[in-house]
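Same chain, two partners: chain A is paired with chain B first, then with chain C.
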Partner chain A sequence: MIELSTKSLFFACLIIVAPFLLRYRSRLRKTVFLALNVLVITAASHSLLQWVITVIWVMLPYLLMHFWGSREKLKPFMIAGIVVIYVYLAKYGFVFSLLHLPEIFLFKILGLSYFLFREIDYIMQYKSLKEEGYSLGCIDYLNYILDFYTLMAGPILRYREFVDDFYGSGEETGFIPITKKELLDDINRVINGYVKVYVISAILDSWAKYWFDGLKDHDGFLKAAGAFCIFAFFNCWYIYFNFSGYCDIVIGAAGLSGMKIHENFNRPYMSVNVVEFWNRHHITLSEWIRDYIFTPFYKWLLSVPLKKKILLAQCISLFVTFLVAGIWHGTTMDYVMYGLFQGLGIVVATLWKTKRKKWLGKEKNKKYENNPVVITVARIVTWGYICLTFTFTGYPVMSLFTGR
Partner chain B sequence: MSTLERLQEVFRDVFDDEDIVISNETTADDIEGWDSLTHVVLIVAVQDEFDIKFSIAETNTLKNIGDFIKLIDNKIQGK
Partner chain C sequence: MDERFDIKDILKIVWMGFKAAVVIYAVFQASNLTILYQGF
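Right after this comes the complex of A and B.
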């Protein structure tokens, strides 16, 4: 998560300077953006080796598609290879200990997991992008992959959207117009984001840490459970303010440079079930995993093994999708648990909705869903469940429960 | 049966609602329960009905039913 450091100050300076360099549409704009992106990657590298490995990791999909992009059958192998390299570079603890892998690189690459999403999107979309006449040149590719605004914590970019937005209609040149209101809105959003990240979430984080550290001092189940719930409460609000604050900063800052970045949050804790939660929290991640994990897996299940068993195929696909998404969030067993609970929550919500519709019928179900008491209870239950599942992110909750 | 009529049957089946009536101008906002999850279910059902395949990019850029029908017709002609 985001903390105040030299890197954060560097980033703050960068988002102040960048609009002066990028708000002007010219032939040089993409080169200037590339220079800024390379500067960020270089500043984030602790050694020459780290920089070289980052460049190789970033360039790999480009080179693969440049030479073998027309061979569709190779795509699954390319993606599998990229994922294997990612798992190694991200240092998944349980994979390393299971396979007794040697740890060659001691560093962690900045934004590694976000690189992965973009690289897979590029490989998967390459053919249709080429058919649609999109520029697939090296500079555009690098700007998409390295985009410093969204490198650390999203939102997750898609190649098509990035290029469309960066070039506009392709004929516009000169200063990208901005109204006074848009300018003030963007600045306001950046300031709000900084307050959320460095004031509100910092306070909530310290409270969450305080209650988590004190958990072992409580004797008696009820006292410990109560303390755990207080920790979970602060932790879930910390996650919301920290992550949505970061997104506010980058969406506002990119707006100042004339770039649009997708919204990533829409009042997630107002959701009435876990399915709706994932449509409101980290929206770009939900869309990505829907397109590249859920859809192909679901289509495959329906095509052969579970033909006509729609609900079962849906539940299995959702469970697997959110398990994978959970594991992507972090490299320890806690994140596997996080994924399992998200998958479980989604499956229960899907089953409940489908069965309830059958039991109640269309009209009664509609009345049920619009009942204010039901909505309030559903929101509280969903939020409580999310609160508890979020405890697995960032804290060694598994060790706490197992006593190891 | 026209593409629109066949598509309407698929919609009624997927959304479990015999009263659904679609037109070229219908969008996801007009049909209750058409969220991102149901969208995927719908796409798979349409693929089965018309014996065609869509790519992710094709189905993510559709604006309304009119666009969807054009895409389906193009796919059928290209078979």
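Right after this comes the complex of A and C.
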């Protein structure tokens, strides 16, 4: 068992050592990567039982597809089964209390929610990957699922991208060349990530906690609302610096090992509406939920229940998609609220854009969208809304209203 | 990599070293205040 600080030190050592082991393309490279991945999972396991359950959970999709991969009709059942197991292992409080489920496993598996995305991607893409001649061997599968760089907080990789990047053209051997610029930029990015996570976000987190803890001491609505806004301000910047800092660390560190990881942030707080925000914040998550939740659900709605009602189908699909994404973020009712507000924000932004186009016409709408005053106001409103919705992540905000 | 490091690169390395020192200092300070990164 590794303590919190020791874990961080272990991870820091790992990202220093890994480039020396992984930058050399050879037959052993994938085995070395697997060994590092297994080492991380083992170090993060608090008991043998946790390790065994993690291995079973990770291997399940591989075994299912290995034996029944050709049966397309079984796919929905496989995914449903995996989601049910995930809900149980992640310990969704409201599901447990609703169904009176017994808690058998007291531990939480490291990177469990990110495993889920990759496992579903593997199942969904299995047939096309096989047809395209991708390697679907056990080592490649395990490296994809357990990839220690992206295990804890993304970005979310796809199997195809992972294999393409890991093997390159497949003909190169020997040391993967690195330029001076790449070397310095990658190291700089890792250090910047550490500054964001350990210095800036740590300070912002302590300030956010201070203001949240003091909320109950304020008399009167205005004072409490003011304190809540200050808490929301610090909390939203904490989330940005912590998450983007972590992504900087893993993108830079993976770059040093000769691996490319997708960018996950593009100045999210500069967005002019919630739709744009999700195209700039946690980009890989947005792409994943677009491909595996929004698009299939939207197509289904248009095919049967809402034929020709495109806007309504779009709004329902967006709302459901972001509600699910919100619930995925955490296991309490606060995250359900977070998902509801994100879904609501997206639906309002979509409706406003569509209706505005109708009212103003193409030309006037373009002028409106390019107006600097409109852009500034839209950015402030969007940022304020996101600030408020982010308060539901990580803090028991619901308890302030319910008193529980 | 057979490129030479010029003065700009050396300054960049010094700047990175400073930032790394700030992180190490912050981590040692934080270990007493329990505000270490909680995400691992």
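Simple rule for what comes next: the second predicted complex is superposed on the first by the 400 of 404 C-alpha atoms of A that agree within 3 Å, B and C clash if a C-alpha of one lies under 4 Å from a C-alpha of the other, contacts with A are read in each partner's own complex, and residues count from 1 in each chain.
Assume a contact is a pair of C-beta atoms (placed from the backbone, for glycine too) under 8 Å apart; a residue touches a chain by one contact, two chains touch by 3 or more.
The structure displayed is predicted, hence computed values, not measured ones.
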{"item": "First, second, both or neither for A:Met337, with chain B first and chain C second", "value": "neither"}
{"item": "Touched partner set for A:Val163, first chain B, second chain C, both or neither", "value": "neither"}
{"item": "Contacts of A:Cys315 with chain B and chain C, given as first, second, both or neither", "value": "neither"}
{"item": "Which of chain B and chain C A:Ile293 touches, first, second, both or neither", "value": "neither"}
{"item": "Which of chain B and chain C A:Ile191 touches, first, second, both or neither", "value": "second"}
{"item": "Contacts of A:Thr179 with chain B and chain C, given as first, second, both or neither", "value": "second"}
{"item": "Touch count on chain A, higher of chain B and chain C", "value": "C"}
{"item": "Which of chain B and chain C A:Ala232 touches, first, second, both or neither", "value": "neither"}
{"item": "Partner chain(s) touched by A:Val199 [first = chain B, second = chain C, both, neither]", "value": "second"}
{"item": "Set intersection of chain A contacts, chain C complex versus chain B complex", "value": "none"}
{"item": "Contacting residues of chain A [partner chain B, same complex]", "value": "124-125, 128-129, 160, 275, 279, 286-287, 290-292, 294-295, 298-299, 302, 310, 314, 318, 350, 357, 362"}
{"item": "Of chain C, residues touching chain A in the complex", "value": "1, 3, 5, 9, 12-13, 16, 19-20, 22-23, 26-27, 30-31, 33, 35-40"}
{"item": "Contacting residues of chain A [partner chain C, same complex]", "value": "4-5, 7-8, 11, 44, 110, 152-153, 177-180, 183-184, 187-188, 191-192, 194-195, 197-199, 201-203, 205-206, 242, 246"}
{"item": "For the chain B and chain A complex, residues of the former touching the latter", "value": "16-17, 35-37, 40-41, 43-44, 47, 55-58, 60"}
